[in-house]
Amino acid sequence: LPELVTLITDFGLKDSYVGAMKGVLKTLAPDLEVIDISHEIPSQDVAAAAWVLNGAYPYFPDHTVHVVVVDPGVGTDRKGVAVDTNQGSFIGPDNGVFSGILSTHKGAKIVALENPKLMREKVSSTFHGRDIFAPAAAHLCLGTPLGDFGEGVADPVILEMWEVEEGQNELVGHVVHVDRFGNSLTNLSRDMLVKEGKELSQIRTGDHRFSSIRKTYGDTPSGEAAVLLGSNDMLEIAVTGGDASSRLGIKRGDKVLVRWE
Amino acid sequence: LPELVTLITDFGLKDSYVGAMKGVLKTLAPDLEVIDISHEIPSQDVAAAAWVLNGAYPYFPDHTVHVVVVDPGVGTDRKGVAVDTNQGSFIGPDNGVFSGILSTHKGAKIVALENPKLMREKVSSTFHGRDIFAPAAAHLCLGTPLGDFGEGVADPVILEMWEVEEGQNELVGHVVHVDRFGNSLTNLSRDMLVKEGKELSQIRTGDHRFSSIRKTYGDTPSGEAAVLLGSNDMLEIAVTGGDASSRLGIKRGDKVLVRWE
Amino acid sequence: LPELVTLITDFGLKDSYVGAMKGVLKTLAPDLEVIDISHEIPSQDVAAAAWVLNGAYPYFPDHTVHVVVVDPGVGTDRKGVAVDTNQGSFIGPDNGVFSGILSTHKGAKIVALENPKLMREKVSSTFHGRDIFAPAAAHLCLGTPLGDFGEGVADPVILEMWEVEEGQNELVGHVVHVDRFGNSLTNLSRDMLVKEGKELSQIRTGDHRFSSIRKTYGDTPSGEAAVLLGSNDMLEIAVTGGDASSRLGIKRGDKVLVRWE
């Protein structure tokens, strides 16, 4: 049974919202352990939440439940979902926060959170973190099967920037995050960049072209732009000792093209 | 026995203060679990601490110990107190941080923290969070009865803004919090707003008058002011898609009058 | 066996870095408990990390493992180290973050983190917190003896500002931290300030001279500078109700001289 529940929200830590969620979790399932990942996601920034989740979940035990509450559509008819993969379970709104997980785990089981018995008795229209998502995580920890929460969801929301188009000699991904140093991180992983029997010939974003992937930052003269594999094994565009995003005019959502020959 | 200890402070997270308190807690009572609610209460803002505590404690298990350290009077003769209710125990300075708890739980047992055996051996004049409050919380978790801490406290400090005056056809509460969206939240709960056999006729704050309580934000045209019940079931004054506090000139501490006929 | 792991980093809480470290810890050693001390150390400020660690570790159980990741030299040939004392174990880069611990615990055992079997399989050049330090802390919790990590380290890095020169009638320490109120805190502890059979005659920093140590802030007229023992029992220079650092022109690293006669 899962016993670890992580939290990613945009609630900040000045208010009682995070505390209320932790209280609900510990009341329903006293043995679970709550772990804060981040409560400083920029307000309503679904793509930022997807990025942070993606950088953290692979390092947790497979039985962890990750709860993500960045939820600009709370109170509308957007669904709440539970996602089950072999690298953890995920609870949150169906608005793209799970884009990374769903592109990696194509066969994940996804259900809508529809069963009122697995929610707080009174559900507010503004705080599903406390009333629906925290209870769902607690019930997963208590052993409630996924099917009890609701119907399967066939077409969950995936942000366009998390899509990867694969051609025969080509791959198109996107910049999914610009970090505080201005490094532009993509959704293209090390594995995707190896094509047996073929040689990488070009990486391009906007007007910027690169002919190879550098091994480390140390290989690059200061001030020069380069592509390399970051600490997550994802392709990134960086300027040694500088700000690649502003220097090269790269922003989140930009396409990144990889070509082989 | 309690096993959960939550923390609300204005210490921020740049310093060692929160760490020192956690260390004292885990040294005295290794089995307790520490849960952060907030360390970002604005410096010395007792009313903000009272508000955050009020939004979090009802969701925790009844055996939780909540420690609140927002303590501008540390080192003066203000008392430290332990409060026992059927919805948790509370440890902190007697300066109004427990206003919400004490208005809700009229019969709560309150004692002063006076017993030096239940403090750190050397008590500083500037850091009672570490030297008095964290040890008191740990000792509660270890089973020390409330009476061992000190004498009963008959008239604990309650902030004026947390008082509710009840007349026969009238109720006067206050705005106790303005959130980051400018919504003005009061200390008037859903229960207080129902008077059997009578009909609500007016809600008034300053020059602003409302004749009914809206069901949801969705019922209100954008830009219009309304009163409704927030996610905590407390009356709030909001402007759909706007900032009620600055638009209507409402601030923390303002009176809110409810009238029936 | 240790079961508590504390974290001090400069990662902030907007990114996935802290989450990734927690995931690695809980994957390797599911029974350990992670406690956040601070993730808001100013970026790459080794001296600030040393100060925060020093204010927190003495209050934790002796079997705690403290992990500090403020690591401007990551990817260079600076060592990673594990330090063992009778007041806890410490894991982090050998760059001065352990200055306070090492000046207090002269006989501490220190080893380099060199054993690849006790790291993540693939070690990035930019994120040793996740790939080396978190695994090392987990392995300490699992009972791995210190000697298994690597060779002894004879001359660990100690920041100059943490050194104390002792003469026969003289002592020279430094300001190691300026807090948010402008109080200037030194590395001179209460014990160092007592010399049997001698009387303290002067404390000096820059041009400022003090002839005695005040008991409390309350003893000092408002606006006047004074030296006193702070809540950590360390000598500090303060201006009652004012900012000693800017008023007296004191900054981190400044020498503080104590003289007896």
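For clarity, chains are labelled A, B and C in written order, and residue numbers in each chain start from 1.
The rule is short, and it goes like this: contacts are C-beta pairs under 8 Å (C-beta built on N, C-alpha and C of every residue); 3 or more make two chains touch, one makes a residue touch a chain.
Just so it is clear, the structure is predicted and the values come from calculations on it, not from any experiment.
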Overall pattern in which the protein chains touch one another (line/ring/star/complete/other): complete
Classification of the chain B:chain C interface as same or different, half of numbers criterion: different
For chain A placed onto chain B, the superposition rotation in degrees, Cα atoms, nearest 5: 120
CA centroid of chain B to CA centroid of chain C, Å: 35
Sites on chain B at which at least two other chains make contact: 33, 36
Residue numbers on chain C that touch chain B, as the complex places them: 4, 6, 8, 33, 35-42, 51-61, 64, 179-180, 216-218, 230-231
Chain B to chain C touching residues, read off their complex: 12-24, 26-27, 30, 33-34, 36, 75, 124-127, 130
